[in-house]
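Taking it in order: structure first as structure tokens, then the write-up.
Order of writing sets the chain letters: A, B and C. Residues in each chain are counted from 1.
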Amino acid sequence: MKTLKDYIDKLNSLNFKNMYNNDFFLTWEKSDDELEAVFTVADALRYMRERNISTKVFESGLGISLFRDNSTRTRFSFASACNLLGLEVQDLDEGKSQVAHGETVRETANMISFMADVIGIRDDMYIGKGNAYMHQVVDAVKQGNADGVLEQRPTLVNLQCDIDHPTQCMADMLHIIHEFGGIENLKGKKVAMSWAYSPSYGKPLSVPQGVIGLMTRFGMDVVLAHPEGYDVMPEVEEVAKANAERSGGSFTKTNSMAEAFKDADVVYPKSWAPFAAMEKRTNLYGEGDMDGIAALEKELLAQNAEHKDWCCTEELMATTKDGKAIYLHCLPADINNVSCKDGEVEASVFDRYRTPLYKEASYKPYVIAAMIFLSKFEDPQDILKKLEERGAKRIFE
Amino acid sequence: MKTLKDYIDKLNSLNFKNMYNNDFFLTWEKSDDELEAVFTVADALRYMRERNISTKVFESGLGISLFRDNSTRTRFSFASACNLLGLEVQDLDEGKSQVAHGETVRETANMISFMADVIGIRDDMYIGKGNAYMHQVVDAVKQGNADGVLEQRPTLVNLQCDIDHPTQCMADMLHIIHEFGGIENLKGKKVAMSWAYSPSYGKPLSVPQGVIGLMTRFGMDVVLAHPEGYDVMPEVEEVAKANAERSGGSFTKTNSMAEAFKDADVVYPKSWAPFAAMEKRTNLYGEGDMDGIAALEKELLAQNAEHKDWCCTEELMATTKDGKAIYLHCLPADINNVSCKDGEVEASVFDRYRTPLYKEASYKPYVIAAMIFLSKFEDPQDILKKLEERGAKRIFE
Amino acid sequence: MKTLKDYIDKLNSLNFKNMYNNDFFLTWEKSDDELEAVFTVADALRYMRERNISTKVFESGLGISLFRDNSTRTRFSFASACNLLGLEVQDLDEGKSQVAHGETVRETANMISFMADVIGIRDDMYIGKGNAYMHQVVDAVKQGNADGVLEQRPTLVNLQCDIDHPTQCMADMLHIIHEFGGIENLKGKKVAMSWAYSPSYGKPLSVPQGVIGLMTRFGMDVVLAHPEGYDVMPEVEEVAKANAERSGGSFTKTNSMAEAFKDADVVYPKSWAPFAAMEKRTNLYGEGDMDGIAALEKELLAQNAEHKDWCCTEELMATTKDGKAIYLHCLPADINNVSCKDGEVEASVFDRYRTPLYKEASYKPYVIAAMIFLSKFEDPQDILKKLEERGAKRIFE
């Protein structure tokens, strides 16, 4: 694509009218056209930024962020996306707030949203909680807007929940779209979403779930590989199966990393915790059973340690398509002898893919900005055109 | 009011010239005209935002916030107000700063204000301290501006002190002005500012004090109700008395919640700590007497527990004017069987008033923005007119 | 200087082409012309702000800050500088991030920089670490930009490292340039950079090092005074010597505060820790030797206590040039009987210089903004001219 008009033409061919004034929870709640609209707007915003054209569409307005887990890259991606569009980030730091005093989600959601155009939430720690919480927030602000409490209806962007990590997986996807030269070239490509060993435990399931829930969309052959017992949420496997059937691809499972990597075009070796264990942990937290949690941690670390051979080695990489599969990771990775003794990937593999990995990450701010953009404008094609005509410079010249 | 001109005409009828280049500490330091100017500008700013007209009057500049107590809604209200006008919030987090190293208030105030147009402070915990601290800050930055250290003179907005909570009470007031259809309709209305039971202790006095100090201004009949021993600052009661006398309303006290609620047009049931106890606590902190503080806490909780019957029940609400008094609260409220077993209000009462309560809160960002606006512009009418003429859109279209 | 043209003419006479797309680590890595360019742009930006001319050159973009030590004034100075130019500050709070999980500096630097135009870092605690870390960050983002990961190349501003504190010392210097009526009047002025007693220990060396490394540039006679054993980094003393030789000034050392103050035009009495002790402490931290650190602290406090007579007294001030030397300090100062019993300066001295000290500090936001400006624009003269022509108002009127 060479001109902004190409992106606009592409958008004209897609049906994404339901994204207007809507939220982004899970990729599989969106149509293929809607996902393509996100990719297209993301590319268009990047195109403009690279040409020093300001895409500031808000003169004022807040982007509220709520991170219930530590975050660097998603935090900065959200901040970058908001800033690119003209929104100022205001972080809801629950420690500094009165939220703990027993007020309801509905109340807090309204109280922080009087001038909020976007709310970005990461809440990925407890099975059955994060996504549900986001829905509570959205229901509250929609009601608030309907009641005349809020002048605008803030859009939710799911910055990672217990089920999906849509901004991450959409960025991963946009990266491989660019690597393969277009979304139409994904058909028939083999993707290995594989568990890998990490010395830490309890890593979220949202990335593998998000990957199998998204990459099965475009005719790809997705293999989910993990040691026995490291299952992901069964509901998401069902989503992946249905996607594959619809898109003409496939979704299979294996307990062999080697089998998954064999002839793969894309590999995504990454640690996660067994779904059942995370569910158990959620219940233990609910019961305040700290001894139980400590025991579970010990048990899970021991279980992990039995699978140190699940590592993305040079040897394994050599078995992929032409020995040159695209290596994906949401970062940070556990790198052998760098961040830990034994980890998810050998240092030489990681090093060879460092630059593409960083590029992969670089799509996230644009993906988030595109999600916001598509929610806020009924006719985004028109807005893109007008922004180009306006010709305001990002950096003065 | 239908057009911006109506708000401008209203402002033309008021004398608020002393607000220019000035601060907002306590409502009773302002004239009636000045308070009306705040309400009018708040409504005008909201009018413009609802019509997608940008009210960004600062191309750059900082709004400094200093919260010495946890805060969600005031924090976000201040951030929203600053953002609406174009100021970027920079939070002075005393934990991350070197303030503790023994530097003076005067020095810190200047060091953070080189590009500050506004300073918002919450400091409500210790009797005799918060308001005094704000004055120290203002004296320092006025001096700094006079000395050529600061190019501009930052405006202080009191975000809650030991004496008053002006942004809260002005928002409460603007809400009832809208509910009653105009400030001129307040005369003769009965307001019950009543203590209510809470299982926590040490809640600030600034809300009840702010309410009796403000609502006695416009001819209303204000009743302050609390159990014996839960007195507020006597100086503020004097203010309320003088206000009532001047405005043709009344200020009375009772130890009966039922008496206060009887035929009330507005009820504000809310817990607070006895003034004398808070003064004692301030002294104990000054002496570093931690045992004394623990003993005081125990004593106050026991004292509170004797008054669990001070609750805003359906039964009590039925005794108000037509059984339909406006129920006010600064939020979050202690709701029976929701946030605690016994609290300030029954759940069914709270639920019925939820939407108006949220609307009440929604005025706060505009009230803060109006206070800033009136301090920064000598002729705000002219600026409002020019903003409409400029016609910049808040959201691009 | 009276018009913006005067500043532009000054810039036209200087060679600072290497500052474009470059970083600011140490003042002695910059040429005299480059330093003068910073002073000139700082004055020009202040000139415009005082005349309500917006210098917003970024429509969007982030200024990343990373403070590895507490900070008030540098934090607010950086925020002010970014805001003045249109950048939004995003703080990398390492506690809230995943940085601790073992990811590399290279990775973090890229992950936070997708839309970063500037990175400001304070990392001054450990000898041999802070400046090296900043270089790692810069190498990473330069590589990221070259690799197409980052669309722009973020500029580093050293907000204090183990070697230099360039934004502080440049602000100090700009203050004395104004006091003496021009950079050309500095020749032959005597500057006493003197150790002074403080009841705390481990104060950074970057200020005295920065001062002797900068003030020896313009023909001044710089005397470094400290008790035996309180040496600064020998490499920086070599820099000072070479500077003095080249500029026609001098750099001398003494163990007598009185000798340093005698006939001085400028005095800078300030505590710091001995270089060798800080090096030792760095090693102890590296070894995790907490007992060793505690013992060292005790030893250093005892050593400090032997030099309580190193205080900037009225008596000493009387011995300076006409008894009226300019008194400099980076603030906050340890003031006798104010912030501590015995400290760096007598209260009456400090009070007399309070306003000029605050003015000294007021230059820092402009110095930082100038460093950013000179890195971002190849022809800053042209940009300044166009900003004046654009005539956008900082505050609407």
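Rule of thumb we're sticking to: a contact is a pair of C-beta atoms (placed from the backbone, for glycine too) under 8 Å apart; a residue touches a chain by one contact, two chains touch by 3 or more.
Quantities reported herein were computed from a predicted structural model and do not represent experimental measurements.
Between chain A and chain C, the superposing rotation on Cα atoms measures out at 120°, rounded to the nearest 5. Comparing the residue numbers each copy contributes, chain A and chain B share less than half of them at their mutual interface.
One inter-chain figure worth recording: chain A and chain B are separated by 41 Å, centre to centre, where each centre is the mean of the chain's CA atoms. Each of residues 56, 88 in chain C touches at least two other chains. Every residue of chain A that touches chain B in the complex is listed here, in rising order: 56-62, 64, 88, 90, 92, 96-99, 101-104, 106-108, 110-112, 114-115, 117, 144, 147-151, 376, 383, 386-387.
On the chain A side of its complex with chain C, the touching residues are 46, 49-50, 54-56, 67, 70-73, 75-77, 79-80, 83-84, 86, 88-89, 200, 331-332, 334, 338-340, 354-355, 358-359, 361-362, 364-365, 392-397.
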